[in-house]
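Here is the structure we will look at.
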């Protein structure tokens, strides 16, 4: 339950385009990896000096600059200058609380989205802010920290003859967005499994912990929902776009990514419905339990109150109580008590309480 | 309650157009049946070698290739090559978790939807993924497993003079979609009957099982809803389409299918409303029960506590307790107890508790 | 509570345009009444041979063919042939579960809607499926059974100089639709009165029966809502239509009917809101009752437990209990008990429990 | 709680344009007041003969005919004839249950709306149906009964040099609508104050009466909402209208009225949210109360049951009970009881129950 | 909980354009500060005589007139005359309950919005009404009271070379709106932190105070929501506007502000969802507590009732009760009681109650 609720407010009062990293301050080194490829050749470089990644006339069709560590604002700023990016774009790159968005500029398109992964150790969803800048021949991807979901893309780039090698920068952007959306399913699978366990538990025998877990899942879903709803719009705009930057043959692929994003949203909404249903079950389970507790009390009271009363009667000290002097009075009384007790039990059994 | 919640994640990280069957792995043999017909003639073949189904110049107006067993990815891939289908289409054919969708390509239209049937043995709704590819003179239908709802269509194709024999491939597609939608009513009939039983049960005397059943039905409805809402959009697009592939006279029929899909949605939504109302009844029934239990306890306590007190009083050992020495003191006391008991009963009766 | 939930599934698997009556099979005789009129003359005939109603060159401006008993599929079919109706239209005429709809054909417009009436004997809303077919000079109305809400229209047709006699077939259609919508108010008046009674009952002293009634009303509203929401759209399309079939001067009238349909919907929605509010009152009334029961128990226990304890103390058999040998020990004890009892009562009174 | 729920059904079955007053039948005399003014002069007449109000060539720019008492259908009818109004307009004027609406006719525009005022005596919102007919040089206002919110307008008309005197009929219509909307704030102020009192009461110590009051307020809000939502649309249409009847300079004023109507709606919706929140507080307050009652019972039982048990033990009649013969056995026992009692109290205190 | 619910009604009945300050009457002095700047120079003046701020041919590109103290209606009126503002605009400036809005006039654009700040002393959100009037070369900002969020803007204006100094009046307007929106995050951060504390408290051990706090937060959110939803529309209109007043290069900045406003709304909606979830947890926590109380009662009763009964039996005075005369009868009985007590405890432990 550590996904924090309150927004970051460092940027408040700063001029627009102020470059300030908003988010978890754990500094990590900047890593920049450059993938350059065309249908025939591919070349990968991990660079140390930023200049090496700057654009220059190139024999490769597509250049992918993949940067980890946007905490290093200076590097982001230089990259922005090199690629001639608007200062508002750079601000958005660094603002890790930004909602997924797309914005078209004259020379490039800017896309921001959320990369989700399930952190099994902390039992929570990890949300990482990722930004893309795409032009006809390059894609920049800017991430918060090392570790991402792009390895299959890297693999495909290395594979001669793969579809991605035949495509342009727009196809690369599609591939990156699509794999991000695909990974939402991994997160949802995880949440779905927890929901199924919880379902069994709550229907069988709910405990306080079940409710806390249910609440935690509902809370996770609120955050996942915030991350995935806008991505649908982003991909839809890319799919509908009739612009210069997206080739006609890539449209079908964005349509595919769009379908997947809707599938994600559908699943999230189903989960919310299921979670709401489970809450009802839980609450009614609780009131059932109260009723059961009450039944125990009622049964005990109903059996022993009459018995205690009878005992009380023969404990009275009246001079003239003929029963007391009967030979078997005591045993008759015990018998009566037994019978009364059995009658009560029979009555409760007929009522279905026992 | 076995409709699993979590999505399948096998496709995550795979390249777009990767052909991988997503779903239940129970392998079944591939069966391909080909129906070819025009107004005058009809011919049915069950083929073993895939080549036989490939398109070739033909004397028949319409060719329907009906494939069972998309688990066999190789066969689907060959079919895709033969009919020149986009790799994304083939991916969608195999992705059994795909949301119902429609997509127009230059040469054909692709439709994916869900075939629902009620599995009375397992007490749950069976959802099967079915895809269609339609061109001017053929329809491909790709199903997961043997057994479908298309038998009436096959019957009509065999009947000379039927409307379907006079129509083109678009009319065949309409017929197949329409019968799928029609079958939703069978599923809804089943759910509706359960809901009616449950309604009676919950209003008469609810048990814990009622709640579990109600939850199960609500959960089924979440899945049915996910399957039927998008089909409305699919049929609407076919109905509105001014394209080459749908003849003008078929439009009225798609409009009809559209009306039916809305009717299905209306019914699903009514069920949800009814189910919500039943939950309220159930919960208030539970709190009623608690109150009844409490009343039993209160009645018992209220009757016996004063009696026990009286007995206690005359069990005291004071030297000077004149009543103890009265001749009929004991019997007077018993009489008083009886009267007090009757008064209590009368009071509860007036309060409406007995 | 007899409005059945599950849909009729007889049509499943039937070819489109299959003529099959869907609904209550109580066969009734077919009655066909023909009203022909123009501004000057009017003529009414109840016919036995269907041919008499077929269209033929005519001296009357408007011809209204009013058919009761669509269970007789054969007659509907012949009428369809005579008036050249599409087979899908005839299917819709017979499908009593059809959602209200409007569809324009080249030669006529088809309108389906629901005629509601409150069946006071069965305490439920009666829903009858009514279809209209209108051309420039005729209106067909097709009903399930004898008895309808059209009598005022018939009266107006018979009245020389009435607005309806000056109008065309479009005005007749408007009049029929408008009176159907008007009758929704009668049904709503009935439900509204029940809701008001229930409101008083639930606020004063709710019983289990109140809840069952509330549920019944909510359930009725679900069905009424399903019938009235689409009618708004139907009338709106007629009002907006710039077509050949609706005269300009009739538009204002359809606008009027449209306003009425919105008024109906507004009322239905208000009822739903009120019913939801009543449920909250009911539930809190129940928990109030539980609390009251509990108070009785607590008062009794709190008064008698200390008394019984005191009696128990002086029932102990210790050798050395000085109080036992006091002259007025017994009476002092009784006095103490009385005081303790009065103190308890005072305390409960101050707490507002008595 | 007297705002009736069920609609009036007198009009059902009547021909369109039938003039029948729908509403409270308390007959009041018809009063017609005519205000005629231009920038320089103003003239007010209360007329007795209807003819005096009929349109005639006039030296005044604007004529406002203000009629109280639409119960007198005959007068309304004559007015309709004089001003050449459509019979449907007259029907709408008389139908006091009509939803606020606007309708453009060739020669005039018709506006119907609701005038709200808070009846402090009956503790409920009074809703009066008011209709307006506006042409370039006159405004008719038709009300149910004497007493309205238009006095400030009358004052302004009498004031030479006021904005209204420089404006046309459209500005007069705006002024009348705007003051009606302004008065909604008075009603909302009243409801808001009640809600604030209730808020304090429910948070401090809720009673059954609080719930009844909350329900009453929610119910009022349902009716207020029905009256104010459509007025927004009415004013918006007037504001957007590019027609002949509204001058360009009046547009800004209708925009102003539109803003006010949205402010009203916003406030109503906030109230609904607050009321829903209060219901939650109330319900949880009730369950808190139950818990408190239970605690009293539990404390009493927990303290006295062990004590009574101890007393019971030493009331046993065994021959060999050494404690009974101890010199201070009785006092030790009393001491033990006291200690046990104190321990229980300490335990409850630590649990936070005392 | 002091944000008042009921609207102010002073304006009711006033003529449109009546200048009347609506709001908190605490009079404060009027302060007018004028900032004039172009790329090269900047000049700040705090003026005492209103005339000094009137527009006149100017060497500066942008003039910002910042007025605190709209309670002084006379000053606002003179400003309105000097800048030729419509009387409705002035009315809106003074109406502190106005919903955020934007309105284009021929010569200027008017924007009203809410400035939020969290008053930590009163524990509530402070809402201040702020209006802007912008033309090509000036911006008027009209505030209720001293103290605002504009200091960073002032700082930037003083800084030669800052983006704001290169921009026009439209950029200044953007900057002011953007910083207002940015400050919403500060308010939300505060509410978010409270919500997190409450979350922990409610999950750990809810008290009545938790509910009151939760209600207070929900109520705050209702007001914040009312303030922030419309601002989105305002900024969107500025962003979409193709008018004369907004330069093309400023559009990107308004787009940025638009993204921020959506982020605010997203956060508010998440908070509402979280608050609803917390209420469920709270309510179920309460019913859990009731159940726990009940368990204590049941355990005590179940243990002591049988014991008291046994004691009662041997307190009976029958002549013939053999056990009484056994040598160790008393001790056997005590032993039996102990065993029965231990058995009960074991049973409760197995049930998980202890």
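When the chains are written out, they are named A, B, C, D and E in that same order, and each has its own residue count from 1.
Going forward, a residue touches a chain if its C-beta (ideal position, glycine included) is under 8 Å from a C-beta of that chain, and two chains touch if they have at least 3 such contacts.
Since the structure is predicted, the reported quantities are computational estimates derived from the model, not experimental observations.
K.L.:
Taking each chain's centre as the mean of its CA atoms, how far is subunit B from subunit E in angstrom?
P.N.:
43
K.L.:
Just how far, in Å, is the C-alpha centre of subunit E from the one of subunit A?
P.N.:
Between these chains, centre-to-centre, one finds 26 Å.
K.L.:
On subunit C, where are the residues touching two or more other chains?
P.N.:
Counting only residues that touch two or more other chains, subunit C contributes 283, 287, 290, 294, 297, 301, 305, 308, 312, 315-317, 321.
K.L.:
For this assembly, give the contact graph shape among line, ring, star, complete and other.
P.N.:
ring
K.L.:
Applying the stated contact rule, could you write out the chains in ring order, opening with subunit B and then subunit C?
P.N.:
B, C, D, E, A
K.L.:
Taking the complex as given, what residues does subunit C use to touch subunit D?
P.N.:
For this pair, the touching residues of subunit C are 149, 151-152, 156, 162-164, 174-175, 178-179, 182-183, 185-186, 188-193, 195-196, 199, 203, 252-253, 255-256, 259, 262-263, 266-267, 270-271, 273-274, 277-278, 280-281, 283-284, 287-288, 290-291, 294-295, 297-298, 301-302, 305-306, 308-309, 312-313, 315-321.
K.L.:
Applying the document's contact rule, which stretches of subunit A touch subunit E when the two form their complex?
P.N.:
1, 4-9, 11-17, 86, 88, 91-92, 97-99, 101, 103, 208, 211-212, 215, 218-219, 222-223, 226, 279, 282-283, 286-287, 289-290, 293-294, 296-297, 300-301, 304-305, 307-308, 311-312, 314-317, 321, 323-330, 333-334
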